[in-house]
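Here chain A shows up in two complexes: once beside chain B, once beside chain C.
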Partner chain A sequence: MTRQYAFHVDISKCTGCKTCQVACKDKNNLPSGIRWRRVFQYEGGEWIEKDGQMIPSNVFAYFVSSACMHCEKPICEQVCPTKATYKREDGIVLIDQDRCIGCRYCSWACPYGAPQFNPEINAMSKCTFCYDLIEKGESPACVDSCPFRAVDFGPLEEIRAKFGTFSSPAPLPKPDITHPAIVYTPNGSTKSSGDVSGQLKNIEEV
Partner chain B sequence: MAKKNLLTETLNETLLNRRSFLKWSSALGGTAALTGGVNVGLKAVDKTAPASEDKTLTVSCYHNCGGRCVLGAVVKEGTVSRIVADPSKETKPDDPPRAIPCLRGRSQTRRVYAPDRLKYPLKRVGKRGEGKFERISWDEALDTIAGEMKRIKKQYGNESFYFHYASGTQWKGPDGRPPIRRLMRLFGGYTDYYNTYSTACYRAVMPYITGGSGNSANDVLNSNLIVLFGDNSVVNRNGGDNFGCYLLDAKKKGVKIISVDPMLTDTAVATEAEWIPIYPGTDVALIAALSHVIVEEDLYDKQFMKTHAVGFDEDTLPPDALRNSSWIAYIKGNADGVEKTPQWAEKITGIPANRIIQLARQIATSKPVAMFQGWGWQRRAYGEQPVRALPVLAAMTGNFGIKGGGPGMRPSGKRFPMGSMPLPPNPVKGRIPVFLWPDFITRGTEMTDGPRDRVKDVKRIKANMKFMWNHGGNTIINQHSDINLTKKILEDDSKLEFIVVVDNNMTPSAKFADILLPETTSFEIESLLTGEGHTEKGTVAWAIFNHKLIEPLYESKEIYWMCDQLANRLGIGDQFRDGHKNKKEWLLDMVAEARKKIPDFPSYEEFRKMGVYKIKDDKPTIAFENFVKDPKKYPLSTPTGKIEVYSPHLASQNDPKEIPAIPKYIPEWEGVSDPLRKKFPLLMVTAHAVQRSHSTFDNVDYLQEAHPQAFWINPLDAGKRGIKNGDQIKVFNDRGEVHLPAFVTNRVRPGVTNMPQGAWYTPDAKGIDTRGSANVLTKYYPTPFAKGNPQHTNLVQVEKI
Partner chain C sequence: MSIRELALVVFTILTQMTVGSFLVLGVVHFYTVRKKGMEAADRLSDRALLALVPILALAMLVSLLHLGNPLKAPLAVSNVASSWLSREILFTVIFGCCAALFVLLQYRKIGSFQVRNKIAWIAGLAGLALVYCMSRVYMIPTQPAWNSMATPISFYTTTLLLGSLAMGVAFIVNYSIESRKDTGCATDQCDVLFGALRGIAVVSIVLLGVEFVVQPVYLGYLATTSAATQASASHIVQDFSSVFILRLLLVFLGAGVFGAFLYKNTASDGSEAQVKYLGYGAFSLVLVAEVLGRFLFYFSEFRIGV
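And then the complex of A and B:
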């Protein structure tokens, strides 16, 4: 068994369709408003007038698909007052919903907003890495679902060996808070955490 | 019992059953319900149970996206628990054809178990269109329909019957469109239609330019440069091994991609295409200017245009053509005195002249260049023109009929030779252009084969429409132009006297039914489907065995059963069945047909076990390759056998202003130069949205949540109006008003807006649409030659609410 599972998302293949989000919801039967996987749309640039015509200046857009990062240093685990949140030996971070009292400290602490309160059960919920599927030798629902094969998973060392170590595309935060188990392959216009040239455009959707 | 709650009833029993079965593990309480685990928010998965309890069976979407992806449905105890990708998994993930379903396919269970699923036959009790219905029995529903069919036939004749265009259900054979057609033809016939709402102009003029579509999609891997004109394939054909997959592969290989489009599309984002933003409806001005540069700089294939084309220059015009009616004469301005220079085009297209010059050089010197047109640009006021213009550019730059190049059309696709349900001839001759169906209601007997209506196969239509069948379609209100006008026509039930709607959900069109029949979905029937043809999957095609997963919900029935029952009531049951004991025997015929063409094709029962059967060519298809090598021996299917830059047939229409013999830039009504922009300054297109297949899936909660309906507007236009991203706005013109949120984005050029088509018309008490239904604002005004739908040509004004 690996010490740490990780996702890989190839931004240079992502069309922003959110099949990953929908497949996750279908597999995990999530109600409206709970999105364990979300897709951020980041956009920048401006329109300027040049020689009498309006032209785009550095206009760019890209999509960042993101779920729980199953961090190496999960801050959600540290802040949980009931020890409901825990990290497994394979690195997958889970919430024991029987222990969870729904206080939401984890949701406030997580820089990615991964844990989400589910009012139906009065407890927190989040991506489980589809550990049930992994244990059967299958892929997580999001990985299996991408029509453009942009999502992958594996042991963190292998994912890093294959795809590098970039883990912080804007609008995601810097990785030094929690050491997320994630690797992104950027496209040509991907900015890094802290970038102020663009904006998150779909805040209602994430 | 007038049923307000039929429309608003919340989760149905089946969904509740599904939920209680698949309940959140925590709902099981504090007991150790999960073997060897804790409650972490997974579905209740009993890990000690043998895996064989889950069956994964193949089904498919059956809507009009062109995808036809293979869905694996995980079935447990009579419930579909989730959707997975093609379970046959016989190919590697990166090796086509593995048709991975998109978000729409992945949400199919939410559609099947949707709260607005039609449950029982209904009859209208209120004003037509009001949506007030009463539950009736199947017997009463079928008796009523048969009675009305007999009455209307006696009173008005078979010419007054109409089976409307609909694309929501695309089964092969007895589960699709054929049963109603078969029934109606045996009953004496009906007035038919030609054209579609997708490709009216493309199909109408293709015979007069190239005679066919382009290279197969996988040939883009052989290109040096790909130029997309209004092509957003990753959205329009999202799932499966579609064109978008090949474009992404090409990008990965290092092929440069350029997107000429009013919007920075998802396709352009994902393929990192260079975006050349253009005003919609001005593409022919751009192509004329590109030609101008290429001719001026002598970068074109003169010899090829002499031997393979008609009317590129004066020497190759037909003998009876007027002087200065060639393409060269047009771009030089010999006839109209306007030279089609980049500076001229800049003022029309909004693209700087220097960028036009640069693009012309790129296209002329990067051979092989693959140029593709989307269909959006032909759903415009003069949609015939750009379809014919791009092939001229492809031909003159030597890209026609070569590997990695192409003729500037859509990619071609491979066919799968599955049979269908045979149809007897229609005793009623006469077909209307589908977009003109409201005219068939209001002035059918005035419709002729002349230039106004372009009726086919008869000189004049003999009746007004009195009876309409609408099966799996939303085009009687939602997807047709000018909803407020259509609504008035339909509300008058003294004109169109009877409407039967067959559907899965309470769509806006279903609300206009007199009798409304609930049909089964793909989860509830055993049937056959193919992924092929215009679906642009490279050189791959496949057949899918659609397993019956669950019993039909409520009282929903198959269309074959409905038609069979009606045939009995009309005294034509034996002819309808033609010796077939049941629906399955028709499916067996279809498989027999496939086995004739593909000897290796399995038997019906073997096919059931396989789920999917794929065929694949090794090499990409290069359209017109032989024609390029030897045009005499391998002529095109055009009337002249050559590339018709000048079309003698179009010249013979005697309408040079609107149906020119060569493609021309024709300034549009409600286009960029219409003075009406003083009142309604913003151009509005109505592009496809990824969350819907046209209007199908608009009722699905997971998709609404993922991609809420919103109106694209540039920050400069929004800023002038005090509109911020996410603000609720009103969009209006003289035809209607729509309220929806704004998506303020640099991804659309200033002056242009987009209201994605397909949202379900949801009027408030004042008749204002509250959901973002684009056709409240579109104009019912057909294109000159094809009589196609111009639903992307609109002017609107926008205000913050």
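And then the complex of A and C:
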């Protein structure tokens, strides 16, 4: 069995269609307002005036599809007072909703906004890596649904061997706090965490 | 601000006030015993003790409102090994049980002084540990505005400031009851009361000084550390500037101005009525100031990441 499952997202293939987000909501039957997978739209640059015309100078935009990173050092597990949040042997981080008291401390701590309070069950909820599908030998819903085949998954070591180790495109945070189990393939204009040349542009959507 | 965050404000303020009251009561009792004897000291502080347990119980009940599933609250002590929140709850329970036991034994004079004294020490130390754990709950690396020494310093300041002034009020109320019951004792108890209030006035002026040093240093830290802390700083000084200024004004008025007059009037045999109103006034003003400060603390939350 793998020690640590991980997602891979190819930013250069992602068009921001959010099919992954919708497939996740559908498969996991998530109520309105809860998005285990979210797609961030990051944009920057400016237009300059030349010969009376506005010309794009260094304008860029890209999308970052992100869910729970099933971190190697999950801060949510560390702070959870009830041990409801736990990491399985295959690296998947889950919440035992029978133990969760809904104090939301994990949502204060997680820098990826992964744990979200589900008012229907008065407990926290988050991406389960579709472990039920994986155990049947299938893929997570987000992976299978992507029309551009931009989302992939597998053991972290294999994913890193295939796609490298880049894990922190802006607007995501730096990876040093939680060691996320994720690899992104950047496109030509992808900036790194801490970048201030661009902005998150779809804040009302995520 | 939702009922959940309100619950956290009420829980942290009341718990800190209870811990502070317990500690202040211990110190005042210790000095009064040395100066005026055990009986006078017990007469001053026993009734004040009674107020602590219901306030702490109320704080713990209110804290349940913060939870999605309050019935499972006992599970919250499961992760003492790594979660400061578990440790906070554990020490709240230890402090609460020891303090309640002490209040019962002390009020009914059960057991020897030495035994009661030991229980009081355990409760006091558990209280100090509780306030420490409470600050560590907020000191998480993904919350840079909270993750600084300002959190424990301001929590301990609130603890002692509110504890002192709350006990000031308790002593004044106690004195009114005592002097009505037995006019003969009035002079002696009045001395004790004035002595205690004088000490409390000095402590609150010193703590005001601490707050007025910590606040600007903290804002400077927020303004210069990172984009996340700058967001918190602008939240405090721009979006909530009026609350911030009101909080500083009220604590200055309560702990500083009222504190100074309280000191002056208790040092020079001022009138009892004046001293009473100064004590009530100082506590009320500082309580409102600290509640506003705690609101600002929660409003300044800015988690890094997405």
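Basically, the second predicted complex is superposed on the first by the 206 of 206 C-alpha atoms of A that agree within 3 Å, B and C clash if a C-alpha of one lies under 4 Å from a C-alpha of the other, contacts with A are read in each partner's own complex, and residues count from 1 in each chain.
FYI, a residue touches a chain if its C-beta (ideal position, glycine included) is under 8 Å from a C-beta of that chain, and two chains touch if they have at least 3 such contacts.
These numbers were taken from a predicted model, which means no experiment stands behind them.
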item	value
Combined model on chain A: chain C and chain B, fit or clash	fit
Between chain B and chain C, more extensive residue contact with chain A	B
Touching partner for A:Gly33 - first (chain B), second (chain C), both, neither	first
Partner chain in contact with A:Ala123 - chain B first, chain C second, else both or neither	both
Chain B versus chain C as contact partner of A:Glu46, first or second or both or neither	first
Chain B versus chain C as contact partner of A:Gly164, first or second or both or neither	neither
Touched partner set for A:Asp144, first chain B, second chain C, both or neither	first
Angle, in degrees and to the nearest 10, that opens at chain A between the C-alpha centres of chain B and chain C	130
Partner chain in contact with A:Lys13 - chain B first, chain C second, else both or neither	first
Least C-alpha distance (whole Å) that remains between chain C and chain B when both complexes are overlaid	11
Touching both chain B and chain C, residues of chain A	99, 123
Interfacial residue positions of chain A with respect to chain B in the complex	12-19, 21-23, 25-29, 32-33, 35, 43-47, 50-51, 53-56, 59, 61-63, 94-99, 118, 120-121, 123, 125-126, 128, 131-132, 135-136, 141, 144-149, 187-189, 201, 203-205
Chain C residues within the chain A interface of the complex	4, 66-70, 72-73, 75-79, 82-86, 89, 137, 140-143, 227, 301, 303-306
Residues of chain A touching chain C in the complex	38, 40, 66, 75, 78-84, 99-105, 108-113, 117, 119, 122-124, 171-173, 177, 196, 200, 206
Chain B to chain A touching residues, read off their complex	19, 22, 24-27, 30, 38-43, 45, 47, 51, 82-85, 93-94, 100-103, 106-107, 109-110, 234-235, 238-240, 244-245, 248, 251-252, 264, 266-267, 269-270, 272, 275, 277, 346, 350-352, 690, 701-703, 705-708, 714-716, 725-726, 741, 743, 745-747, 749-751
